[in-house]
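Report on the structure given below.
Going in written order, the chains are labelled A, B and C, and every chain counts its residues from 1.
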Amino acid sequence: MSERPDELARAIEATLFATEAPLTLAVLAAHLGDADPAQVRAALAGLAGHYSGRGIEIVERGGRWHFQTAADCAHLLRREREQVRRLSRAATEVLAIVAYHEPVSRAEIESIRGVQTSGGTLDVLMEAGWVRVAGRREVPGRPVIYATTPEFLQHFGLESRRDLPGIDDLRAAGLLDPVDEAYEAMALQQPEVADEEE
Amino acid sequence: MTGEGLMLQDNAASPGDEWVTPASAPTADEALYLELDGWEGPLDLLLDLARRQKVDLRQISILALVDQYLGYIERAEALRLELAADYLVMAAWLAYLKSALLLPREEQEDPSPEELALRLQLRLQRLGAMRDAAARLMARDRLGRDVFVRAAPEGLRIDRKLKWTCDWFSLVQAYGQVKARTAPAIHMVRERPVMTLESALERVSSMLGVTLDWMRLEEFLPPHAEPRLRRSALASSFVAALELARLGKAELAHDDAFGPLRLRRVRA
Amino acid sequence: MSERPDELARAIEATLFATEAPLTLAVLAAHLGDADPAQVRAALAGLAGHYSGRGIEIVERGGRWHFQTAADCAHLLRREREQVRRLSRAATEVLAIVAYHEPVSRAEIESIRGVQTSGGTLDVLMEAGWVRVAGRREVPGRPVIYATTPEFLQHFGLESRRDLPGIDDLRAAGLLDPVDEAYEAMALQQPEVADEEE
């Protein structure tokens, strides 16, 4: 990013600065008078680079772009911050399960946690705007399935679900697979594994 | 045991330290942790106990874990702490699992106790993974806590504006029509050849006097009249025929629809 | 301003970005952990220079500093999308009357049209920018009088109102002949009816 940004970059800066909600590339391009999305994307990348390391940054969260303050400036801003939602432990765990397993049904959440999940927990997450109903699973009973929202990614500073901490390792270790699948896989690979226990 | 869904409002914890599980609190005396409200069910308690073996969850000893759990429950009962049913169910199941694991091999049921133990281990691994993931998630730079957006953004607005259009011809034509509509209009009736009802009455009744036979209406019309006079004469003669019939001087016959209309004199 | 702002500059950026209202130098310095106001002032000057020419700027207004959208980017915040709409028949008539008779009061328009004119019609013409209020007529009641605007002439490609066709032209074009018009309308509806009779 040079010191003298071009008109498109300036327009993007002004628009992202003024917007009330993060903007997708498509909405941003349309707002800029039907600019070429490829050019907008390139300009966004340039701007993100320019602001990187400054007190404010341009970031992408779930396909939506916005300005935010740098994380290490938080101590300055804390005194006037809004109250961040504090989640109960149950809600936190349920949120993690939804995020790492989505889309996921309530029964699947409960089977991981080994405890019934009260409807209130999912309600709290949905009210916070982090979890949404993502349809029904086409199995008997057609259970409702849940997934995370773009606001979830924004709130936790994730560009996409691929940025979920450790998700690749968890997947590689099979820890995102159901117990049944994992057990069968293990039983196939090493039939004697159960005996090692003793 | 399900203190779920509550939003804790206190702000005490530092980032990433959203909660403190009883078992992970830094003190050696386990007896202090017989407060079971801190766990999200028996699996959660098992996970905490397993973590205290300080080995990878893949290498924990299920038998040791079972003993720890059962010991825990016993002490809770000795202290007359109220235990939720699912903790007791888990205790009973673990006691069964332990005995099955220790039994001689021959008469093992299906599923085998080894399978059950492995499945329990897998479940603990999965719950442990999610608990860690939740902690790492909560420790991220969170919007409104660590990073901030503008407090009062102007917002983007798209105003729809009507752009009116009209063309020159429409304008001029509209004016012409206003003028035309409101200009004082002079109406002139063109002179037209007509046969009045009086003359038709006279003509029809005098012609009826000539004969007693039926005559068609057309026969009463002037034979060489121009078309417009002929139309007028037809209309007038028809009305005249009706009038004569009303007066009882003639009778009308009309055999079928759109057929010829006939009339003749009524005998006095 | 270098590409790598110092910590004070970063802190100022983050604070000015996140604040709800512009901050005075004193408040800003206090907020930054009792920074030296002279240093803060110098950093602000540096930042103002850095943002100068970008899409957002750091400016001082009445002793208070804040971020704002660059003035020439302000149009992006409130975009207008035009919707083309044809003038209604009534509005076209009123416009024509104003054009031919200006300045003209609403009562005069109504008497020329022979029908009542709704206030909305004149509003539309004023919104379109073709008609303006041209004062009041000095008669009892002092009615408002209306006239056309330069935009009107421009839209219709007229040099002046004298370019409007005169009454004689309209008559020659057949636009002023109510009898003919009425006769034609009748003739069109029932052309040969008389001849069919025979």
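Just so we're on the same page, a residue touches a chain if its C-beta (ideal position, glycine included) is under 8 Å from a C-beta of that chain, and two chains touch if they have at least 3 such contacts.
For clarity, every value in this text was computed on a predicted model and none was experimentally measured.
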| item | value |
| --- | --- |
| From chain C, the most remote chain by mean C-alpha position | A |
| Closest chain to the centre of mass proxy, which here is the mean CA position | B |
| Centre-of-Cα separation between chain B and chain A, whole angstrom | 28 |
| Centre distance in Å when chain A and chain C are each reduced to the mean of their C-alpha atoms | 43 |
| Centre distance in Å when chain B and chain C are each reduced to the mean of their C-alpha atoms | 37 |
| Multi-chain contact sites of chain B, meaning residues that touch two or more partners | 148-151, 154-156, 158 |
| For chain A, residues that touch 2 or more chains besides their own | 15, 17-18, 31, 67, 69-70, 77, 80 |
| Complex contacts: residues of chain A adjacent to chain C | 3-5, 9-15, 17-18, 31-33, 53-56, 67, 69-70, 73, 76-77, 80 |
| Partner chain B, residues of chain A touching it in the complex | 15, 17-20, 31, 66-71, 74, 77-78, 80-93, 95-97, 99-100, 112-118, 120-121, 123-124, 154-158, 164-167, 170, 173, 175-176, 179, 182-183, 186-187, 193-195, 197-198 |
| Residue ranges of chain B touching chain C (in the complex, touch as defined) | 148-152, 154-168, 170-183, 185, 187, 227-228, 230-231 |
| Chain B to chain A touching residues, read off their complex | 1-11, 18-19, 21, 40-44, 62, 86, 101, 112, 114-115, 117-119, 122-123, 125-127, 129-134, 136-138, 140-151, 153-156, 158 |
